[in-house]
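Encoded as structure tokens, here's the structure I'll be asking about.
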Amino acid sequence: MLKISNLNTFYGHIHALKGISMEIKKGEVVSLIGSNGAGKSSTLGSIAGLVRTQSGNVTFMDKDITNMSPHNIVKLGISLSPEGREVFPALTVQENLRLGAYTKKDKVKMSESFTRVYDLFPRLKERIKQTAGTLSGGEQQMLAIGRALMSEPQLLMLDEPSLGLAPNLVLMIFELIESINKQGTTILLIEQNANMALSVSHRAYVLETGNISMTGNAKELANDPRVKKAYLGIG
Amino acid sequence: MDKNLEKGKSKNFILILESFIEKYKVPIAGVSALILLGLPFMGFSQYIMRIFIMIGIYSMLALGLNILTGYTGLVSLGHAGFYAIGAYTASLLSLKLGANFLVAAIGGAVLAAICGLLVSLPTLRLKGTYLSIVTLGFGEIVKMILINWDKVTNGTLGLKNIPRPSMFGLKLTLVNNGMYYLMLVLVALITLLCTLLIKSKIGRAFMSIKEDELAAIMMGIKTTRYKALAFVISAFITGITGAFYASMIGFIEPNSFTFDISTLIISIVIFGGMGTIRGMFLGSAILIAFPEVFRFLMDYRFVVYGLVLVLMMRFRPQGMLGWKSQMPYKLPKLVKESLKKNNKDNLKTQQI
Amino acid sequence: MKRKLSIILTLAMVMGTFAGCAGKTSGTSSQSGGKASGTIKIAVAGPMTGDNAEYGKGFVNAANMMVEQWNAKDGVLGKKIEVVPYDDKNSGEEAASIAQKIVSDKDIIGVIGHFASGVSMAAAPTYQENKVIEISPSASHPDYSGMGTYIFRNNTVINVEAAAGLDMAINDLGKKNIGIISIKTDWGTSTSAIVKKLVTEKASTGVKVVAHEEVMEGSDDYSPAITKLNAAGADVVICVGMYNLVAPVSKQYKQVNPNIAVVGFSNAYSQQLLDLGGKAVEGLRFPVIFFSGSENPKVKTYVDEYKKRFGSTPSALTSQAYDSVGILLEAIKTAGTTDRAKVRDAVAAIKYDGVTGNTVFNEKRDVQKSFVKVTVKDGKFVEIK
Amino acid sequence: MSGILTRNCVATVIIQQLFNGLALGMAYALIAVGYSLVFGILRLINFSHGAVYAFSAHIALLFVGLNFGIIPAIILSIVLTGILGVLIDKTALEPLRMNNSIPMASLITTIGMSNIIQNLLMIFFNTERKSFPAFFDFGMIKFGSVQVNSTQVVMFVVSLILLVFLTLIINKTKLGLAMRATEQNSKAASLMGINTNFVISATFFLGGASAAIAGVLISGYYQIVYPGMGFMVGLKAFAAAVLGGIGVLYGSVVGGLVVGVSESYAATFMGSSYRDSVAFIILILVLIIRPTGLFGKKDIKKV
Amino acid sequence: MAYLKVNSITKQFGGLVAVDKVSFEVEKDEIVSIIGPNGAGKTTIFNMLTGVYGIDSGEITFDGTPIHNTMPQNIVDIGISRTFQNIRLFPNMRVIENVLVGTHIRTKYGFIDTLFRTPRYKREEAQKTLRAIEILNSIGLGNRINDYAQNLPYGEQRKVEIARAIATDAKIILLDEPAAGMNPQESEELLRFIRELRDKGYTIILIEHDMNVVMNISDRIYVIDHGKKIAEGLPADIAGNQQVIEAYLGGVKKDA
């Protein structure tokens, strides 16, 4: 479904992605793990059109989307829930979600999306009129994921969804990821919490200073001593 | 990829240019000095000489604003206010108290600097645009005071017959090119002042504030104090320039110091290249000469002027000469000597 | 690509600058080096661009008309006359710079301009130092003509005009409670001061200034000032400003008090006053030295010609510029030489009968003229007999 | 001077000046809205706004002169001025955003644009002051000894309606939602599928259109139009916008009214030559006490 | 008395308690790590230590002197310096200039010295430049002094930041995720360097995610979660602490 080949990205003079290639198939949960600054967010940014790439290309469902502008990429069915949640603090929960469905013209479909998201996150339903800035961290994360789901994406990209959440919430978020995936959405996940990420993923890529250092089946990677040592501190 | 390649190329170009200048700096400096000193003898008309003086004046103004905006990152839209304070104070000192130019100019500069301090104090807690807005307001308020404080400033009638400077018993005028040489001296002094400041811990503190104020604070830099200092120095230079301008033009009125002047100064700073000293000269040379050279455009010349600003920002926002030096950092002499010695003494200092 | 473009841009600009400077230098030096060529040049300096461009352009129009008449009769001293316009943007700084440019052209005998007093005064020292005659058709600052012996003013001196205006307010209209609204410029400030002084001298007759308001040029909203004058009980307003003050003040005042009488000054005398003021300026009175509706055949031909060529009625200032050119040319003719010192003496001694009446310069190089009283009736200027 | 004024008169003057100030203030508010809209979304002082305002008045005058009728002329002016706003953004500012230029570059660009527009106006319309028809003059309305001009009333009412209308657009429409989203976080907004460049251009259109309405109203009030008309008014309206908290619409209204009324009183009690600076004095005082203006929100900054 | 003593400090943002009654102590010449999941409040603690934020309650003492709610500049002067989670160098200044800014607070010449290039100016400027070169050499950036900070690769930018912190003559250096973005060799090098620093008499407080680094280098570890301290002890203790594993390493592994 999504194919990245030989992608190079620079931030100023920093070579953030050094020719990475990867692929995601329909229905998969793929995670991207690696330490801070390894290039995980740059990868998502390059796919979503936020970061301009210098060379290489990104294709989505056989369509070249390299360096397309973000709003057009959203229309094609890719949605990103960015790191740090980035909800619109002065807007209400309802308005935030409404913005998630900005590209949808159909009123009926939109209300379906609302129902789906409120079903997934009953907490948000209780806070419809509250401004997003007043929500707790966990609620904001739910809102960010819910917002990304509003456009009914084919590919959902989540950047550190468990960041700063209490353990029980983290568990809940990962359960959600699984259930969203079961509903048919393909997911690309960035997580620092490698254990958790690998537990819900089918496959994973390990990024290290702009290069993919390992890739493979999630279970195998979780048991790989190198991964354990580098990212779990065990062994 | 191409972009990076091109960047590499232009870096090389700058390096070659800079090494060339470095290599031949003595002859280049000599020739430039000779040209500048010899200009009056090259048969230029007084009109052209006058444009040269105006370029000098605006170079000084730009150098002054550059300290504040180019190095410290504080954008002032009210420098015409400091310019006016310098001009009026100096003129009043020489008209009413008969002070000679030097005393009057320093008086003007000091008052401008004091006003710079006063403006800086409340504005230092303001960020970015808001600070610019307050300086804009300051410029307008200065104008209002000049208009309404009739008893001292003579209101809208302005001050006239401002005496020309006398030095060593010689009255400096445009005709005997005294004003031109005085301008050269002032420009040289102000350039020296700026260079000395920039290449010191003070300059580094200024730049660090512009680059990242919080990081500067965390390095122990008393940012409030340095921002105020930047205001004071900037206003001081602008004030001196005002004094020189007044004695050159002989007649000043509140309308000589409008918002347009403030924007012209800032345009020069950006046009030439913020945070560089060389840029200020080229910036003012071009923007001051522009309306003169393009007089034949008549009505359209200020349209073209606007267009030049817009295009410039679009294609070269760092300014004409706004490149970063590619030459190695200039180490102080003492350091070079001791490094040489250390090299002989082997690499014992390789550890902390 | 972009970099190349910008480098080209940079180079082009730098080259342009130097080429421009150089070009100019060679041009001027050849002129100053050689003998005066076959034409006599008159510079017209004023705002050709910017906020007051209408005045500068009016000066140029008038000058061209006058010069063409002379050229049709073989010019002066057998040489063709050329008008060279200079734009000073009504800024002292630009004017001073232009003055340098003008004085470096040896063919230029004199300058008609500049427009505002402050601007004229910034340029005057240069003319004086270089012995170039400056005749300003509009400068009104009391000290202007005192700047030097080559500095002339072909605009009425305020004292005389102020007295004429006041006379209309007090004697013709029979009003006693005078309100003054004046523009905060050198001219406005000094004129209103003179009016006030004159009123004080007549205090015994019960005339008094009930309020004086100074307004900024181009504020457009004069209601605060008007409210104050009205509350102070003014029954006549002396409006010290150009048409752009008199018209809106009349408009805004008449909305508050339809019976207010307004007296203006000759500077406000222009077609635009009628265009801008409409009905509100009906009944407005002011003294002028130039009256476009005059029966005087000389004035009539001039006005008709001007209208035909430029589509509007010439204003007082434009007409003074017209006469100023005439004065200068006449003086050259009288002097019989282009030697500026001699021409200057001829100007000082001239008796010129132009469209703005008889012009004679006094020892202060100011003009003394008689005034015609004019009012607005049915959208036209009418002389009060 | 006050010796001549009776006490009753003083009261009348005070009330009268209040009305004068309110009408003027509402006009400032309308122009201020344009600054505020653009600042809200781009954090940029759009120095070309004053020239845009002057442009609108000239366009309206042009079409009135061509016998289009008053209403069509006004509508054309609003539309064309809005388009001018969009043009400024598209030709000059959008490329800068794409290049991630420093904020100062945009500032200088708007100064350059202001130069271009104002000088083109001077070339095509001449510099003299031109008479503008008094569209809304239906005579004076008297309240006791206080008189209010009908144009003042129209100005106040139309401005109020317009501001309510703008508020509705911003709070109730999809475009408004997109505007608010872009304002708060343009990166996140683009991730929602919002074409932020389009939204910014739309903002410039609204800014231009509101300047045009202000242009028509104010010109109808003073009945004077000239290319330089936007300069001082623009600076003061800008001060008003900052005073109220730039980026906040009702802040602009309050700011405009404060500037208008205080100017009016400054002219009464200090003299008209002080009025132009009153806006700036109040502005500076307010900014010292509240660095983001009366109703401005604090930018939340992360360390 | 501990060298640096943090006693029950609390910080609230709005309704959110970011740091809740956290206490810890650092002895001289120690390397102490503070770990915890992202968003746990570690950086907030650094911000309170360095004076960026005031504290709502509690106290911080350094060598017996209370330093909470003091201006950041004074805290640098006292001898605490830091690096940032997201590198905050002066990007358009050269590497050596960045480090020279670090020496600013220890450079005593004044305005007049600057203008007249007095011997005092020359002497101090030379001393500080030498010191900067020395620090940069020791951290392996000797060949980079002429480069502009923004042109350096990520890992080297981190090092410059550390060099800049050292240049303030700090006694305690706070490192906020110094190993982030470094490859294993670079981390290894960094580890060695931090140890060397400790041996030279610097006290180090570290926020780090790279467990390799943390476990290998720390003398003691504090674990923060949700603004609260949940554990403290030697690396070995922490690695075995069930609460820590749950909070930090990602809790219950499901059927994976």
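The letters A, B, C, D and E name the chains in turn, as written, and every chain counts its residues from 1.
Keep in mind that, in the parts below, contacts are C-beta pairs under 8 Å (C-beta built on N, C-alpha and C of every residue); 3 or more make two chains touch, one makes a residue touch a chain.
Note that the structure is predicted; figures quoted are calculated from it, not measured.
Asker: Chains touching chain A and chain B alike, please list them.
Answerer: A chain counts here if it touches both chain A and chain B, which gives D, E.
Asker: Using direct touches as single steps, what is the fewest number of steps from chain B over to chain D?
Answerer: Minimal hop count between chain B and chain D: 1.
Asker: What's the farthest chain from chain D if centres are computed as the mean of the Cα atoms?
Answerer: The chain farthest from chain D, judged by C-alpha centres, is E.
Asker: Considering B-E alongside A-D, which chain pair is linked by more C-beta pairs in contact?
Answerer: B-E
Asker: Roughly how far is chain A from chain C, centre to centre by C-alpha average, rounded to an integer in Å?
Answerer: 73
Asker: Rounded to a whole Å, what is the gap between the Cα centroids of chain B and chain E?
Answerer: Chain centres of chain B and chain E, defined by C-alpha means, are spaced 39 Å apart.
Asker: Taking the mean of the C-alpha atoms as each chain's centre, how many Å separate chain C from chain D?
Answerer: Computed value for the inter-centroid distance: 34 Å.
Asker: Take the average of all CA coordinates in chain A, do the same for chain E, and state the distance between these two points in whole angstrom.
Answerer: Spacing between the chain centres: roughly 31 Å.
Asker: Could you tell me which residues belong to chain E and also touch two or more other chains?
Answerer: 52, 91
Asker: Counting only residues that touch at least two other chains, what does the list for chain B look like?
Answerer: 147, 214, 299, 302, 308, 312
Asker: Could you say which residues in chain C touch two or more other chains, in rising order?
Answerer: 49-50, 184
Asker: Given the complex with chain C, which residues does chain D contribute to the contact?
Answerer: It comes out as residues 1, 4-5, 9-10, 12-13, 16-17, 20-21, 24, 119, 122, 126-131, 140, 147, 149, 221-224, 226-229, 232-233, 263-264, 267-268, 271-273, 275-276.
Asker: Which positions of chain D touch chain B when the two form their complex?
Answerer: These residues of chain D touch chain B: 39, 43-45, 47, 92, 95-96, 99, 101-109, 111-116, 119-120, 122-123, 235, 238-239, 242, 271, 273-274, 276-277, 280-281, 283-284, 287-288, 291-292, 299, 303.
Asker: Could you list, by residue number, the parts of chain B that touch chain C in their complex?
Answerer: Residues of chain B touching chain C: 6, 10, 43-51, 54, 147, 155-158, 160, 174-175, 249-253, 255-256, 282, 285-286, 289-295, 298-299, 301-302, 308, 311-312, 315-316, 320.
Asker: Quick check on the complex: what are the chain E residues that touch chain B?
Answerer: Listed in rising order, the residues of chain E that touch chain B are 50, 52, 72-73, 76-77, 81-82, 84, 88-94, 96-97, 100-105, 107, 109, 111, 114-115, 117, 121-123, 125-126, 129-130, 133-135, 137-138, 145-146, 148, 164, 166, 168, 196-197, 200.
Asker: Which residues of chain D touch chain A in the complex?
Answerer: My answer: residues 174, 177-178, 180-181, 184-185, 187-196, 297, 300.
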